[in-house]
Structure formats: structure tokens, C-alpha cells
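Letters A, B, C and D name the chains as they come in the text, with residue numbers starting at 1 for each one.
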């Protein structure tokens, strides 16, 4: 039986371009702004943290510039970065964590990095285990390929590292084993999450935050 | 002594039609949108989850279409479904959980399905017991037939099941024993709640969320 | 040393009338609406619960009518009640809990009844003790007569009772011993709080909610 | 590697003046209002608590007047105070805690005092230890001089004291040992936090609140 509760009839304007067919920078930037403001309204990007991107095509992505306040982002805080090229002068230090994902997975159209409370707390609590397993929750069906609650989703946890090229390489190594994955945690730092479009990535952000918050309360009762 | 704190003088426009006398699709759709936005503003429908309906008459109900973002719902995301007829092409996979309730209980005029945090967490914690008993809270008086805090309200918990026809049959079986019930939980999934009108269903949603959140905090201190 | 952080230079328009000098029904109703909407925006009046009043003079008070949705209150949901007279036909069942306070304490100008989460949870946890002691918090200075954190404030807890005349008499009995009090809890029900004006009562609502929430977190860590 | 996630490209209008070069009272008051409303929207200044200031130059600062409702502050609630002069008639009782900081540290351009929940709860829990150590969190990089999560930040905790001249002297004594510090806690009272500008102080408020909330949840699970 197909679980249709999470099927989306249409995507938000500016967020439903198929990156494999190419979207304009303007359209992509709208998706970046929409993700950033969605996260900002929920307190997931404290103190200008977090960053967001939408792929234009195989070679380029729209990406939040370093230092922009994501809760109040507009398009002046979005840059066009080359996925495999030299570092953009306004690129965030975490840009490699976006760009290496786009190189590794051609079906990824948008990426969000957020600092939610439950993600941050649980990423430290389970760092030694190396992952958090979400299991048996109906909301797992928010992720493509999961059409029953009788499933589990592992979220890898990697140790934090200020060398983001090295960190990105470690992330890609972890993501080749098992999966499919829809996001991962950096210990004491936050969540990376992606989707085919900015609209899908917003749904995945929301689903991960809900599931991790429920998990945190479930663990707290032990 | 009659406890009048929860008596409602008038219902919201578009939400107080008596379904047994019949309401128009437009009026019913307004009630569906009002319930969906109320829930969306409180974070109870993450990642396009949740669904909502208002009965038109004995044979038809207005129902959220599959995949609509309930937090931003408008009437284009509402369909007219036959209560006992064939499945509407845009009906949600959970439509049977609405329609079988309307068949079983003629005094139900509106139904809401939401994914609140406390409902989701407690539905798993108490799944083996098969119910949660709310007892002694003043806010129990938000439900019809309860006019004192010296009462209890059992919320049945059923195991989750992706076969929603089978799940709906199990729910109806559970709801015939004991009661009256004003809602039930699906384990790890969320809450179903109903009322005579959309306005009453909103009050019941709010009361269940408050009571389950208080219950979660009370249990957490044990 | 006078602790001036909580001194208020001016009160909100429509809320600073001195009830001993008399205010008009229109002015009083504005204060009732302001208190109700303040509480509604914070989720303290779920499912149309809660009620609010402002004294006009020694004999009359403006009071929320039964059944009004306090989160969206306007002046049509406010009635003029006699403090010592017969029950107004639209008076809430909890009206005696307001009116007996006005009779007992001439310096009370406004009263709010809210269902906050921490108030509801702690009122049950400490029902047997008969009170909650708040001690050592700076925010205690929000209450008149307290100008140092080296103080304590006892909040009496009375058992819930659907006979609100009897409950009001018990409350007044409890409030004559010790004090001064600025509010009390009804077990499993909620908080009653008052002040000289509606503006002061709003500050007291906010202070009690903050202090009880902090207390709940402090106890939770034991 | 420089961690650029928290670098700010530009500061908010009216909040980026360099206090060592001097800013006008009007510009400084805008910064005070922006900090106060930011805190008010997050519930960090309950019951008119909290206070905020921006330095004009070596001798003067704009400061919230006593009793103003900070959540709804406008410039009429802001006074111009002499940093080393006699007490302004409308100055808050906590003015010395602002002014002595400006005297002691010429690079401080703005100061905020807020009553967040986690700050208040943890300030009491750790009062005996005399500090809270935040360690290993990525968001520590929100503070200047910290460019890796492999760092710790100690937040001193001083006992509360209604003699704010004496309290300010104790604070300065504590802040000369160790550091650099970006804020401190008063036990059972709240947080003082500062930055070079009002915009930076807002980021520091937000970072401290997030980190202390995460810390509270981490401790709660022990």
C-alpha cells in the first residue's frame, strides 16, 4: 500500500526546479531564502549559524554567503558557487560540506544545515555509537523510499572537525556504507539534511526535527 | 452544578453547521481549512502530515487532499469524498480513518488527525497498556458529558498499521467498548479527535494537546 | 535599597484606572480583553478555558462571559457583574472566585485565571503539601512588597471543587492565614492571580508563569 | 583554519557604530530598542525585567529607564546616562552593572541583561561551583576569539545582591581572573552579556541562550 500522506502535489514556487534539468540562479536563490527563513522562524539558526544551498546544475549551486543572518536572509546573502571549482571569496567555511554532497549524489537538489536543539543535544549523547536509529515512527514516511512505520532510519554521527574539507571527506565515506541516508549529524554541532528540491528539503528538516525531539523525550523518560 | 467554563456561546463562522441538517461544501471546506491552519500554527502537522475533514451530510464529507501542506491549506487542497462510496482519486491514504468514523457515529461533524509531540511520545510509551487514562484534570471538562474534574477519560491506543482499512476496522472495534470517547491514539503516529462541529473539534484538539503535555510532564517527574 | 527594575512608569491605556476611584465599563472591558489576549497568545487558556475581570468600583466588575474564546476575546464577550448581587445570566461558573476576592480585598482591581502548563502540573504535584514555596529568585521582586530575592512567596494550593461558591469560601479562608498572597493554585486546574490594575495583573501572570516554569525545571533535575 | 560561519558581513542599521569613535544618542537608542525587542519576542524579559544599554563614547551610554516594558520598548524608555557620573533619576537599580562594565572594558559597546529560562535555572544549580563550563559545542564559535569547538568557555556565576554597586564590584573582580569572558550569570537572577555593538550583543544573547538550553537538556539526561 502506498502511503500517500506525505506525497506533495506541488512544490513551492521557486523551489521545484529539477536540478538535473537546470534552474536559474534567481530561482535557486529563492529556494535558499525560503529554507533559511523557515529555519530562522523555528530558532534553528541561532547567532547567524546554519547555511543553505540549491543546485543550479551539475557544476554550480546557490549558497548562503559567510556571515549572513539566515533568519533574515535575502538574495544579497546568496552567492553562486562552483561545485568543483576554486573557493568563492564569500563562501562559508562549511561550503565543502555542501559541494562534496552535490558531487557525490547527482539526485540532491538542495541542502540545509541547521542547529536544532534536539539534533545538537542527541548528536553528543550518541557520538560514541556513531549513529542514532529512528525506528517505528509514522513520520519516517516523510522520507522517500520509506512507506511504512515498520522501518528504521539511521542518522550517521561524525565527530566535529574545523577542517571542513577533511570533515566532508569523512562524511562521504560514512555515507557510502549502508543507507540510503537523508541527513547526518555532526557531534555537538548540528544537522545536515537534503532533498531533491528546496521544498522537499524543508519537509525533511521538519521531519528530522520532529523525530529527534520525540526521540529526546522518549530517551529522557528512561 | 453545571460547569459552564467550556460552554461555547457561538461557533466560528463556517464551522457551526449541524451536519445532520446538512452544510454546503464551501462551508465545510472553511471548517477544514480552519482546523488545518490552527494545527499548523502549533506545529502539529510537521512535513505535510495530518489530515482534516468536515461532514456535509450522511453521505459526503469535505476532506484534505493527499499531499497538501496543511499548515498553509486553502480550499484547493480540500476534496468532496463519499462517506461510503469508492475512494476519491485525491483522497489521502488515511481517508478510511475519517470515513468509517462518520459511518459509525452520526453525531460526529468534524474530524482532525494531528501529530503533536506529547501525543506521539505517549502513544508509544503506553502502547502495551492499550490506553492512556487522563484523570482529575479540570480541563477534562472541555469534552461533552464531563462536568467535573472527578472523572477520567480513557484514550484508546491502537498499534499503527499501513493498511488503513484494517486499521479503521480495529479502531471502530475498540471504540465500541466503553467510552464515550472523543479521540484515540495510533502508536508512534498521532491523535485522531472529533466533535460535532469544526469549532468543537478545534477545542478538543487543544484540550487533548494540553492534557497530554501535562501528563507527559507529570510522568517525567516520577 | 529600592529595587526599581519592576517599577512601572505608566500602565497600559485602559488598564490604569484606580478601581477605588471608579473606572467606566468600557475602560474596564479593555483591560479584560488585554489580559485575555495576552494569556491567549501564550497558550494559557486552552479550549476556551480561563476567565478575567476588572473591578469598576466597590459594587461592580467587568467579567468574561461564559463560553467566550478568551484567546480571541472582544468586548462582546465581557459582561458587567454585581460583586455582591445575584448571578448574571451570562456569568461563568467561576464568577464567584472573582467576586469573593473583590469583596474580601478592596485593593484588588483586576483578576486573571489561567491554565498554564507549569501551574497545572505543579498544582497537582504539591497538592498534599498545600502550597508551593518560591524562594530566592530575583523575579519575586515583580510582586509588590518584595524588594529583595532574599524572600519567599508561598502560593496556596486548594483542592479543586465544582461547587465554586464553596471553593471561593475555602480560598478566602486560606488567604486570611499568612500572606500577603498574589495568587493561588487550584490542584489540577490552574492559577488565580490579581493586581491593582489589569497591567499589574498581566505582569503578575507573567512572573508566576516564569517562576513556576523555572521551579518545574529545578525540581525535574532532582 | 578560520571558521567564518559566524563572521558578520554588516551589522544592523543603528547598531554598528564603533563606540570608541562615538555614536549619537539616537543611534545608540535604536540599538537599545532592537536588543530589548529581540529579547522580548523570545520571552527573556518577563514582567518588565531585563535592561539594555549601548555606549555613546567614553563618558556616556544610552540605557533603558527603570520600569519600562522592554518587550514593547521605544525610545521614550531610553535615557542618556553618564558612565562615571551621578545616578540618572530614571536609571534602573541595575545601572551600575552596566556602567562599571563600560568603565572596566573600553571595547564593550553594548550590554544586555536578560532572564532566560535556562540561564535562570542553571545559575542556581551551579552557584556553588561559581561557574558553568561550556565545552565542545560548535556554537561557541559565535564568540570572538573562539574559532574551534575544541575550546571551552567559562561563565562566571556570582551570588545575587540587591546592593548593585557592591554586586558590580564583585563582578569586576571575578572578571579580572581568567577569561576572556563574554557574559556572566547572577544566581537565580539572569544573564549579563555584551559585545562590541548591539548587533554582536544580540548574537551573543542568542548563542548563550542556545548553549545554556542545550546544556540544561544534557544535564537533565544524566
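Keep this in mind: a residue touches a chain if its C-beta (ideal position, glycine included) is under 8 Å from a C-beta of that chain, and two chains touch if they have at least 3 such contacts.
Nothing here was measured: the structure is a model prediction, and the numbers come from that model.
Contact with both chain A and chain B is made by no chain of the assembly.
Chain centres here are C-alpha means, and the one lying farthest from chain B is D.
Mean C-alpha position of chain A lies 45 Å from that of chain C.
Rounded to a whole number, the gap between the C-alpha centres of chain C and chain D is 32 angstrom.
Of all residues in chain C, those touching 2 or more other chains are 220, listed in ascending order. Chain pairs recorded as touching, per the definition above, are A-B, A-D, B-C, C-D.
Contact residues of chain C toward chain B in the complex are 46-49, 51, 65-69, 77, 92-94, 115, 117, 120-121, 124-125, 160, 162-164, 186, 188-190, 216, 219-220. Contacts from chain D toward chain A in the complex involve residues 1-9, 136-139, 142, 147-150, 203-204, 206-207, 209-210, 213-214, 217-218, 220-221.
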